[in-house]
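Heads up, the next two complexes both have subunit A, just with different partners, subunit B and then subunit C.
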Partner chain A sequence: MLSALISGLAIGCVYGLVAIGFSMVFRAMGLVNFAQGDILMLGAFFGFTILTWVPAMPYLLVLLGASLGAGVFGFFLERFLLRPAVRRHAGQTYLVLLTLGIGIVLSNGARLVWGANPVIYNIPLRHELVRFGDVALPMPYFYIVAGVVVILLLLQYIFTRTWVGLTLRAVADDPQSARLMGISVSNASTTAFVIACMLGAAAGVFYAPLFYVSFDMGLIGVKAFAAAVVGGFGNLPGAVVGGLVIGIAEAVGGVLIGTEYQDSIAFATMIVLLLIRPRGLLGKGVAA
Partner chain B sequence: MKTKAGNLVRAIVGIATAAGLTSAFAQIPIGLVGPMSGAAAVYGTEPLAGARFALDELTAAGNAVARQIKLIPADSTANPGLAAQAAERMAISDNVVAIIGGMTSAETQAMVEVTRKAGIVQLSPLAQDNALTQQKNPWFFRIAQNADAFGSKTAQWAADKLNAKRVYVLSRNDNYGQSNSDAFIAGLKAKGLMPVGQAAYEPTAKDFRPVLQKVADAKPDLVAIMGFYTDAGLIVKQMSEMQIKTQIYANTAPGLPQFAEIAGPAANGVYGALYYFAGSIDTEAGTRFVGAWKAKYKRAPSQYEGMGYDSMRLLVHALGTLPDPAKATPEQLRTAIAKVNGFAGATGTISLTPSGDAERPLPIVKLGTEGLVLDRLVQ
Partner chain C sequence: MTPELLVRPGEGLANVRAGYSFELRDRRSWQTLVAVCGLMVALPLATGPFGIYLGCTIACYAIAAIGLQLMVGIAGQLSLGHAAFMAIGSYGTALAQMRLGLSFLPAAALGVLASAGGGILMAQLIRLSGVYFKIATFGFGVIVYQLISNWSSLTGGHTGLTRIPPIGLAGLTIQSRLGLFMVIVTVLVLAYVLSLRMTQGRAGRALLAIGENEAAAEAIGINVSGYKMSVIVFGCALGGVGGAFLPQLTGFINPDGFTWSESILLLIMITIGGLGSLPGAVIGAAILIVVPEYLRDLAEYKMLLFGMLLVLALIFMPRGVAGLANDLRNALRASEAGPSR
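What follows is the complex of A and B.
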């Protein structure tokens, strides 16, 4: 059970990172980016490409490089695909379809570029273990948890101590007033989107050494979306909490009930929690 | 004004056109449906490569039937719905006389509904689900052994060779996994053994630690994994991380190099049973195929390439027994295939049973540091 709990915690952190991306984009731009899971996939492949070019690259530099690459990609994605739609006041249905379409294009594009077969990060980290008595845990777990803690502290610092963070919060709370105060709402949206993409890519690089990288791994985004909803859509700490809840629920549920029901358990957890608390665990309600 | 030269040109053009039309009409369209993209792509792309290799080889050797065959591939992406659509299109638009495929059991089942209704021969190189040949469908055949045969032979081997007494069975929760699991367990029971546990997992699962904890608690001396190479690879890796030390049998997964990549060092020592193992068939057809393949690709053929190769060769052989292969009806081809007995395939001697199943040898292998090694060829 301890092993399942820790596994759920680590995978939950991955869900949480992607869920933060969902919430950030929603707060900044008012749209649900269903391509966020595929950004995770893209980040994982960026990491694989870096390791293909420089096999001895330290893992943390791979993480940084993949995140920066996804950030640049996100910049152009937001600037040339999403912003025009938002500016034209496109309806939510259109925006949902747009991001779904982007996700499909990313997924198929990844298949064309990197092939249909799964690939692995051929690094020692993949097989390193940390032992606590009789229990051995994969080293990537610790990277994930430590990485998420560092990222959350960084985000906390950015949002509370930097001008960029303050503008993001201002735009998220009241874009009209922010505009009147001289803040560029469009630049803030771009910044939020870029950060969300970087977080998604980081999640992909954290996930890759545990399993493998494939063009269809963007499906993780579905559980990450559930995590964002469970935590309270648009609430960043809630996204992390939601991720942990979903991750632990499916891991523990797999032990207690059965592995073949893990996916069902994850979403059943979401349904039950939303029935109890419709705004999410930490949500304060979302404006229509 | 007509000239002699003009008449000659017109005559030549006319003859050439007639010859072109004749050769176009003389084509024997054969479809091949399987996953060519996605995580299961290897189950489609490799049989296709094998089938094409067989056609090229037979054509180069002057085989008149092979020269007329037009191979029409389609990508199912391992989606049963898409596989059925491809079969339907081939039946209606391409007028195929036969379809090689599907490759996974799920897509094959979806296609069977189409080919049976259309009255077209369907020959699967890889699908193992028992149910496929239990439907009294005269149009479906396969050159792979069904799950029962696979399971009983491997269970017998596990009990005799590995001396397994406490077996835990993990299986994908789909046609492939469940049929293989049921057959393996039936084989164990036939040897007087009961599994100490069994569990199914979702095909999309990647974290198997919850179920592996149950495996660890059961203390098996053999874990049998009935899944694709991706899940089997992750299971073996995670078993190693959880310090679960036991013998492992991973069905056909060890036959793929990607299995060892995913599993890492933990793959060393894992057993598998393959559709075919290059070098295990010590016949003229077997050695010729491996030699020709190595000459072209500088490596031995994989199990899926071998099965695709023999599927095409068997179809060509069956067509060759007909008086006019180019005008063969699906019914004639069906009757010819049903009579196949002792076909000297490159992957082994193949005989088809009245239900459409295949009797053929089963190679059991072990993955070592230098690659796969034949452990036993079970007849």
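What follows is the complex of A and C.
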């Protein structure tokens, strides 16, 4: 049970990272990005490709490389596909369908490039264990928790101490006033989208050593969606809290009910929590 | 908030709807119904046994797609788990036939009731607005899928159910594909007519207004949650009707037919056909069922192709095939009327 709790915590951190991405994009662009899960998948594959080219590459560099790759990818995605639609005030139904379509193209495109069979990161980290008395925990858990803490501190720094962060917050609060203050709203939304993609890719690289990488791992992203929703959509600390809640509920529920129902447990937790607290656990979620 | 802001055009579905909203009481929607259903009967009959098999599949999915169209295209309640209701209809009907020994009609009634029940359950989630509702419907789809694939003692797990008894009606057993086709198409026409009636008149206007802007609809006195509930339950029940006939085609079902991508497929059907258009739902179902049959060699690329089709359709013809047809008809009419003026 203890190990389930800890693994839930680690996976919850991964969900939290993706969930932050969802929330940022939603606040900056008013767009619910259903392709975020597939960005995670893409990041994991980018990491895999880097490792195939240079097998001895340090994990940290793999993480950075995959994030940068996904960031560049996200830049083009936002500029050429999403922005035109957002700009002409397309309805939510349209935007959701568009991002869903992009997600399908990404995951099946990845299937063409990297094949239909799951692949693994062939690195020592995969097998390392840390022992506490008679409990052995996989090393990647510690990388994930430490990595997520570092990333959160970094985001906190960006949002509170830099101009970029300030413009992002201004645009999220009130795009029209921000525009009047001379902030380029469209640049801010590109920045938000690129950061979200980088976070998603990082989450993918964190997740990969624990399990495997395959073209259909986008479902993890949708669970991260549940996490963002549980915490209160559009609320960044809420995204992390939601991630942990979903991660732990799923791991503990998996032990109690059966691992084959894990996804159901995650979503059922979300639905029940939403019916009790319609605006998320932290109560600050936006009505969207 | 000023009234202008409240009903800002283009916020809702108007810019993607297939020109349907302005001709609610139009005789043309009945003419279109006759034309679409006529083609739906004639084309499969003209193309032989395989055409009839395809016709059956198309009709099943078209019924479900019409249900989804009412929810998504008309009332703006995007559901990402519609395949779950087809699953409930399918499994409900098949299990009632096999375990309870019922004949098809009462069994299907049970199956459809079960779908509607699922719809009522899901409709409770309308208290969650917008984004929250979409994710919740996705979750609903995942839960139903995992239940039918893991509850082996009831549903046969991943292997599914086999040897499902054929339809028996008043002592007659429907053995031939042709008979089955006639039954399903009749049900399709009934579903279409019912849905068309539902989108006309007071209820239709109310649903369109909700799809456009819920706050504004509420403000002019429309019972928003009541209408949303009814359209969700009705749409889900239609999903169940479509599902109830699916196992009849091959005599077996398994969970693979009701995955997340199946839900997406239904959404692509109504988008390519034209959001908000009932004939569009039928056309979309036909396109998405027929195309892969002729691209068997490219089965691996099926979803890639559909994904691209969805993105391209949204960018280049956001009002779908029905919208194109509408534009064409208007252009023709304009050119006919032109010289005489």
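Methods note: the second predicted complex is superposed on the first by the 284 of 288 C-alpha atoms of A that agree within 3 Å, B and C clash if a C-alpha of one lies under 4 Å from a C-alpha of the other, contacts with A are read in each partner's own complex, and residues count from 1 in each chain.
Definition applied: contacts are C-beta pairs under 8 Å (C-beta built on N, C-alpha and C of every residue); 3 or more make two chains touch, one makes a residue touch a chain.
If you're wondering where the values come from, they're calculated on a predicted model, not measured in any experiment.
Enquirer: Which holds for A:Thr162: it touches subunit B only (first), subunit C only (second), both, or neither?
Expert: In the superposition, A:Thr162 contacts neither subunit B nor subunit C.
Enquirer: Quick check for you: in the superposed arrangement, does A:Gly109 touch first (subunit B), second (subunit C), both or neither?
Expert: second
Enquirer: Pick one for A:Phe233: touches subunit B only (first), subunit C only (second), both, or neither.
Expert: In the superposed model, A:Phe233 contacts subunit C only, not subunit B.
Enquirer: By residue count, which of the two partners contacts subunit A more extensively, subunit B or subunit C?
Expert: C
Enquirer: For A:His127 in the superposed arrangement: first (subunit B), second (subunit C), both or neither?
Expert: first
Enquirer: Contact-wise, after the overlay, does A:Glu260 reach subunit B, subunit C, both or neither (first, second, both, neither)?
Expert: In the superposition, A:Glu260 contacts both subunit B and subunit C.
Enquirer: Considering only the touch criterion stated at the top, classify A:Val96 as touching first (subunit B), second (subunit C), both, or neither.
Expert: Second partner only, subunit C.
Enquirer: Counting contacts the way the document defines them, which residues of subunit A are shared by the two interfaces, the one with subunit B and the one with subunit C?
Expert: Residues 111, 116, 219, 258, 260, 263, which sit in both footprints.
Enquirer: Of all residues in subunit A, which touch subunit C in the complex?
Expert: Subunit A reaches subunit C through residues 26, 32, 81, 84-85, 88-94, 96-98, 100-105, 107-109, 111-112, 116, 219, 222, 225-226, 229, 233, 258, 260-261, 263-264, 266-268, 270-271, 274-275, 278, 287-288.
Enquirer: Going by the contact rule at the top, pick out the subunit C residues touching subunit A in the complex.
Expert: Interface residues on the subunit C side: 8, 10-13, 15-16, 72, 76, 78, 80, 124-125, 127-132, 134-136, 138-140, 142-143, 146-147, 149-150, 260-261, 264, 267-268, 271, 275, 300-301, 303-304, 306-308, 310-311, 314-315, 318.
Enquirer: Sort out for me which residues of subunit A touch subunit B in the complex.
Expert: 1, 3-4, 7, 11, 111, 116-118, 120, 122, 126-127, 129, 134, 136-138, 210-212, 214-216, 219, 251-255, 258-260, 262-263
Enquirer: Give the list of subunit B residues in touch with subunit A in this complex.
Expert: It is residues 36-39, 41-42, 173, 199-202, 204-211, 213-214, 230, 233-234, 237, 240-243, 258, 261-262, 264-265 of subunit B that touch subunit A.
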